[in-house]
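Please find one structure pasted underneath; my questions will follow.
A, B, C, D and E are the chain letters, set down in written order, and residue numbers restart from 1 in every chain.
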Amino acid sequence: MISDPLLQQSSPVLEEGSDDDQLLRVSLGPQHPSTHGVFRMNVELDGETVVRLKPVFGYLHRNHEKIAEGQTYLSSMPFTDRLDYICPLTNNWAYAHAVEKLAGIEVPERAEYMRVITAELTRLINHTAFAGFFLGDMGAWGSALMYAFREREKILDLFEDLTGARMMSNFMRFGGCRNDLPDGWLERCRALVDNYEPFLDEMEMFLLGNEILIARTQDVGQLPKETLINGGITGPMLRAAGVAYDIRKVDPYGIYDRFDFKMPLGEKGDCYDRLMIRFLEMRESLKILKQAIKDIPEGDFIAPKAKIRGFKPPVGEAYGRIEGPKGELGFYLVSDGTPQPYRYRVRPPSFVNLTLLEEMCVGLDIADVVIILGSVDIVLGEVDR
Amino acid sequence: MMLGNVEFEMAWLAPEQWPRLPQHLVEWLVALCGLPEWLVSIAGWFTSAGVVVGVFMGLFALLSLIERKTLARVQNRYGPNRAGWFGILQPVADGIKMLTKEDIVPAKADWLLHLLGPVLIVIPSILALGVIPYGQDWVPVPLELGLVFFFAVGAMTEIAVFVAGWASGSKFPMLGAMRAISQMVSYELPLIISALAVVMMSGTLSLPEIVESQGGYTLGFLPQWNLFTPWGLSAGVVFFIACIAEANRCPFDLPEGESEIVAGHMTEYSGFKYALFFIGEYLGLFAISALGITLFLGGWQSPLPIFDFLPSWLWFFAKLAVVIFIFLWIRATFPRVRIDQLMRFAWLCLIPIALLSLPTAAIWHYANKANNDIVAWIATMPLVLIPWVVLTVLFNRRLSPATTRTYHFAE
Amino acid sequence: MAIDQKLADDLKSQGVHVTSFEQLINWGRSSSLWPLQFGLACCAIEMIAATMAKYDMARFGAEVFRPSPRQADLMIVAGTVTKKMAPQVVRLYNQMAEPKYVLAMGACAISGGPFKEGYNVLKGVDRYIPVDIVVPGCPPRPEALLDGLIALQKKVKGEKLIGKDRVRHADPNGMAEMPVPEYGPHDLQPPMNPEVWKPKAKIRKEGEA
Amino acid sequence: MSGIIDMVLASIRAKVPAANATVRTNPGPSGQDSLMVAPESVADVMRVIHDEHGFDFLSNVTGVDWPDPALAEKVAVIAEGDADAEGDAKADGEETPAECGFLEVVYHLYHTSERKGPLVVRSRTKDRGEGAKIASVVSVYKSAEFQEREIYDLYGVIFTGHPDLRRILMWDEFVDHPMRKDYVAPDDYEYEPTPHAAVIEKAAQHYPAPDAD
Amino acid sequence: MKDAKHQEPAGKAGKWTIPGYGLLQGLFVSGRNMVESYYKKERCPVIQYPEEKADISPNFRNFPFLCYDGDRPETGLRCTACGICEKECPPQCIYIVMDRDENGKAKKRPKVFDIDISVCMNCGICAEVCPFDSIYMDGQYEMATDDRFEKLVLGLDRLAKSTDYHMQLRPKEATAVMEKRKAAEEKKKAAAAARAAKAKAAAEKKAKEAKEQAEKNADDAKGGTE
C-alpha cells in the first residue's frame, strides 16, 4: 500500500457526516436498466434533484491492454472488436490505422474504400441504435429500439456475409482487409443505402417532433464549448455544441478527403441537439456511402507485402486516431521490435466523454441523469476496457 | 312456476339480461329452497359482485396478453404465441408461475404493511367497479352518489402505493412512492373538476342517470354524448389525460419509472404480491376507463340508432376496448415525462382548462334552453378555443425552441 | 403423482389431455421465464437482438425483462463477469426469488473466454452461482440464445418437485443464498465457492494426451 | 510537426526553465517526436502550451512502465542531435537511476481550431516506488482527470495536485498496480482443458501431483 | 473556427406547430407499423426460430472444424499437427499433441486435437493462418448444453468433418481449395517423380562412385601392399 499523504486526502465529496445528512444517497447501477451495461453512479439526491454524482467504473474492466501486451499484434485484432461492441469495424480500423502508422504500411485503394464503406455502415448502426436506446432511457416502451434493431439486422446481414460474423468482425488487417467483397455484396449494400433514407424519415417523424421528447431533452445537459473541449469531449457530443471538430475533416485519415460531406453542427449542445446531430450525421454517412459504392475501384484488398504471421513493426511509437461513431478513438502503441507491442493503449471516446458527466448533471433531476448518460452514448466495453 | 317469492321469467334469457342471468338464477334457486328473503337478496348481491369480479378478472387476463401482443405488433413482432393456441394460455402460465414463486420479504421491510400494500391496491379498484352502469339493466350497485363513491374509493390507491413503497424499506421504492403521491394527488384535481362539468349538466351524481341523460341523437344520427359538446370536449380531453396519470400509465408512469427508479414501489415485491400489483393496476385502468365512458362517451348508449337492437352492455365493452386500445397505443409510442413537467402540466395546463369547462357548460346549458344548438355552439366555442390558442402561442413562443433550432454544416 | 405415460398417451389420442400438478406447474414456469434486465458486455447486445423483431424471444413468453431481480425468474449472464462485478452478480442472484435459473451466455460467462488471462476477469460465473445452461459462442447468435432458452424450458419441464430426487428449489433445505465474495487486496475472497464449483480437474502437461 | 515542437520547446525553455525540456525523436516511421519534461513541472509546461500555443484539447494521457531503462533508451527516445539538447538528455540520463527503472506518462495534445497536432509530451518519474510522482494537469486540462486516475490505478503513478486520486478501474481494496510489467496475476487456476505454459505451472502448484491417481 | 464555413441551416426554423402535432405524428408512425405488420413482411421480419431458420450467410463462422479427405478421419485428416494455429490462437484454446510412433518419430498427424469452445472467440485466425487447408470455421451454432466440462471441449471425434461437409457449407471456398490441393498434389507428384528420378540418378551415380571408390581403394590397397 502506498502511504502517501496525498491519498488520504480523499475527495470532499465522499466525506460522511457533513451538514448534508438530509441527502438521499442512491447508487444507480451496476445493474440498472439504463446504465447501458454495468456502469455505476453514486448519486446524492435532494428530493429528486442531483446534488452530487460520482461515476464508478471498472465493472467491465477486462484487462484488454494487459492481454494485448502479451500477444502478437494480429491477435489483438479480434479483441478490439470487443471494445465498443456496437461498432467493431471502426475499432478494427483504428487499431489497423495505428499499427500502419507504427510500421509505415501503405494500404491499397480498394481496401481503403472497403474500410470507408464498412466504417460508415457501422456509424449508421451506432447512431440508429443510439436513438433507440435513448428513447428507452426516456421510458418509451422499446418501439424506437425495435425499429432501430430491425434496420440494424439488415446491416448485420451484410456484415455477416462480408466478415463472417454479425458483431465481432475481425475484418481489418495491417495493410488492408482480410478478404475481398463477396459477389453481389455491393449491390445489396447499395439497395440498403437507398432504403435507409425512408427509414430515417420515419424515425425522424416518430421522434424529433414529439413534444414529450422535446420537453425532456431540450436545455438538458448543456455546457459551454470551451468546457467541453477542455474536458476532452469528442464526437457528436462536441459537434452538437457547435465545435467543428471531426477527425475525418480535421486530420483526414484513409481517403476521407476525397468525399464530399459536411459536418453538421448544433448550437446549444443539449441532449436534443445530440440526438439531432446524430440524425444529420447519418444522412452525411449515406452521402459518403453512395460516393464510395460508386467509386470503389478494382484491385488488391490487402497490400501484397503485408504480413499476416510473424509481423514485427520497427522500433518506435505511434498514436493513431480515427473518428469513431462515439468520438475520437485512438490507439497508442510502443514497439520494441518484438512481435508483441511493448505498450498498447486504447484512448476510448466514451470513457473520456464521461469526464464532464457530473458537471452536466448537477442541479437536474434524476430522470435527467439517465438521459444525459444516454446522450453521451457510452459502451461499457470501451469505458472500462 | 310460482315458488318462493321469485318467479322465473323468460325475459331473463334476453341478451340484454345475460349479465344478470346468474344473479337471477341464484336468487331463484335460493328462493326455491325456501330461504328467507334477506338471504335471497344477499345471495343475489354476492352473485352480482362475483359476476363483475369474474368478468374483469377474465378481462385482466385477456388484456395482459393483448397488451403484450399489441406492443409486439407495434414493434413488428408476433408476441407470445407458444403457450396454447395463439398464446392464449400465456396469462395462465404467468399466473401459475407467479403463484408458485417464492415470496420474499426484505429484511428491512415492515412485513405487515408490505403485505397490505398490494392488497390495498386491488380492493378499491374492485369496489370502484361496482358502481359503474354496464348496461341498461346492469348496475351492480346503483348508488345515488356513485360518482362521489368512485372518487372516494379511487383515492385509496394512492395510499396503497405509498404504503407499498414505504414498507419496502429501500430507496427506489421510496422514491417511487413519493412520486406516486405527488402525481396522483395533483391529477385528482383535473379529474374531479372535469367530472364536475358533467355533474353540472346532468344535475345528478348517480352514474346510471348520467348515462341516461346522454341518450338521444341530434339530427337523428349524432349521439348526444357529452364528448360531442364543446364543454364536453375540453373536459373529456382533460379527463382522459388525467386518467392516464391516475392509472400510472405511460407517458405518466413515473412511480414505476423503469429506466430511472428500477420498478418504483414494486421493486421489492416478488411472486404473487407482485401479481396483485399487476391486477390492481389493470383493474384500476378498467375502472377509470369505465368511468370515462360513463361520463363522456354515453356509457352503454349505442352510437347509431340502427344499432339499438344490440344489447347495451355490449356497447359498453366495445367502448371499453377502444379506450383501452388507445391506452396501449400511447404506451407503445411515447417516452415518459419528467416529474416537474408532469406537475407543471397538471397545475398550469389541465386545471385551468378543466376550470374553464365549468362556465362553458353553464353557458351551453342556458343557450341550449333556448333550444337553439347553433347559438349554443357559437356562444361556447370561443371559451373552448381560448386555451388552445393560448397554448399554441405559448408553445411556439417559449415552450418549443425546436421551432427556432438551427443546425449548420461546416466543411 | 406420476401418471402412467401410456394411459396419458392413449387418452391424448382420444382428445383428452391429462396432466399432473407437477407437469402443470412446470409448464407454467417454463412458459413464463421472465429474464432479469441485466446485460454485462457484448453478449448483452445479442441478447437484446434476440428480443427484437427478427428473433422475437417474446414468442416463448420470455420478453418481460424485469429490472428488479425480485420479479425475474431467469438470469441471463450475458458477458464477461469481472472480479469487480462478481459480488454484485452473486447478490443479484441471491435477491431473485425461487425458482431461479441461470443461463450463462457466451464464452466469457462460461469460462472467462478470451479474457480469461486477465487479472480482473472471473473465470466462469459458475465459480459462485450454479449455472443451468451454457450457450457457447463469442457472442452466440440470437438463435443460439433461443436454442439455450428452449433447452432450459426442456430442463424446467423435466424437474421433479417431490420425492427424493427433487430439484434444489423444491427442497426446503435447498441452498438459495450463495455467499457473496469480498474484495481482497489481490483477488476476491474466497476465489471460488466450493459448494458450487466442482471442476472435473483434468490437468495435463503440455504435450500430453 | 517539428516546427510546432521547436516553437513550443523555445517558449518552454524560456518560461519554465525548471522543466529541462528536450526533444526526443521517434525512430519509427510515424515520426511523432515528443517533448520530454521534468515530472514536477508538467503542469506548468501544460499551462504554457495551453495558454500560449492554443493546444486546447488533451486527447490522451497514458502511462508506460519501463522496469529496464536500457530498453527505454532504445525505444522511442533517441535524443535530438543538437548540442544543447544532448547535454540535457545526458543530464536527464544521469538523474535516472539505471537499475530501478521508471514510469513514464505520455500526453497527446491537439489544437482544435487550427487543426494541429499531435503534440506529444512525456515525462518520467524518478523511480517506480515512492518517487513515482508527477504533477497533475487536471487544473489545465479537465480531460486528464479520469485518465490520470486510471494511470494511478494501473501503474501507481501519483499525480500531485489531482483533486480526487482514487482507484478507478479496480476496487479500492486492491493494492497492486496490474499494468506494470512485473505484476503477477492472482493465482486462480482452474479447470482448463487446453493448457499452455503459464497455466500449467500454476496447475502444478494447485494440484501437486495432478496425475497421481 | 476560422475555416469552418457555415452553411445553410438544417433546422425547421420559423414553422408554427400546434401543440400535440408531434405526438400525433408519433402515434401515426406506430399505428402504421402495427397495421402493416399484419400484411407486410418487411414490417414483421420475425423468423420463428426452432421451426424455420434464417438463411445464414455461408461465410458465417462460429467454431472451427477440421477437414479430412476421403471418408475416414483417421487417415484422411489434412492436419499435420504443425501447431501454428495453436500458437496464433488469441485466447489459446487449441491444444494439439503430435502423434508419434514407438521411436518417437513424428507421424505428422495429431494424436489429440482439442478445441475448448467455452473459450473460443470465433475470430477465425486459426483458419486464416493454417497452411494445410485443414482448419475451417463451421456455421453450426446450436450448442447449448448443461454440461460445461464434458460437452464444450471438442476433440478430434467432433471436430473432424469431411470435405463433403465443407463443400456443402461453402461450395465456392471448398472448390477453390480442392482445385488448389489437386494442383498442388499433381505438382507434388510431378516433383516427387522428378525427385525420384533424380534420387535414382543420384543413387546410381553414388553407387557408381562408390564402386569406383571401392575399386580405387582396392587399387590403393593393392598398391599399398605392393
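Here, contacts are C-beta pairs under 8 Å (C-beta built on N, C-alpha and C of every residue); 3 or more make two chains touch, one makes a residue touch a chain.
Note that the coordinates shown come from a computational prediction; the quantities given were computed from them, not determined experimentally.
Contacts with subunit A and subunit C are shared by B, D, E. Of all chains shown, the one whose average CA position lies nearest the global CA mean is A. Our note on geometry: subunit B versus subunit E, Cα centroid distance of 62 Å, whole angstroms. If you average the CA atoms of subunit C and of subunit E, the two centres end up 31 Å from each other.
Taking the mean of the C-alpha atoms as each chain's centre, subunit B and subunit D sit 65 Å apart. Centre-to-centre separation between subunit C and subunit D, using Cα means, comes to 43 Å. In subunit E, 1, 4, 6-7, 10-11, 17, 19, 23, 26, 29-30, 33, 44-46, 48, 56, 90, 92, 116, 119, 121-122, 149 are the positions where the chain touches two or more neighbouring chains simultaneously. Multi-chain contact residues of subunit D (touching two or more other chains) are listed as 169-171, 175, 178, 191-193, 195-196.
Counting only residues that touch two or more partner chains, subunit B has 74-78, 258, 262, 332-334, 395, 399-400, 402, 405-411.
A list of each chain pair in contact follows: A-B, A-C, A-D, A-E, B-C, B-E, C-D, C-E, D-E. Within the complex formed with subunit C, the residues of subunit A that make contact are 30-33, 37-38, 58-64, 66-67, 70, 78-79, 82, 85-86, 145-146, 149-150, 152-153, 166-168, 380-381, 384. Touching subunit C in their complex are the following residues of subunit E: 44-50, 53-54, 56, 62-63, 90-92, 97, 111-112, 116-122, 141-146, 148-150, 152.
By the touch criterion given at the top, residues 68, 72, 75-83, 87, 89-90, 92-97, 100-104, 258, 262-263, 266-271, 274 of subunit B touch subunit C in their complex. Within the complex formed with subunit B, the residues of subunit E that make contact are 1, 3-19, 23, 26-27, 29-31, 33-34, 37-38, 43-46, 48.
Of all residues in subunit A, only 1-2, 4, 6-7, 10-11, 13, 57-58, 61, 63, 65-66, 101-104, 226-227, 229-234, 243, 245, 250-251, 313-321, 328, 330, 332, 334-337, 342-343, 345, 347, 351-352, 354-356, 384 touch subunit D in the complex they form.
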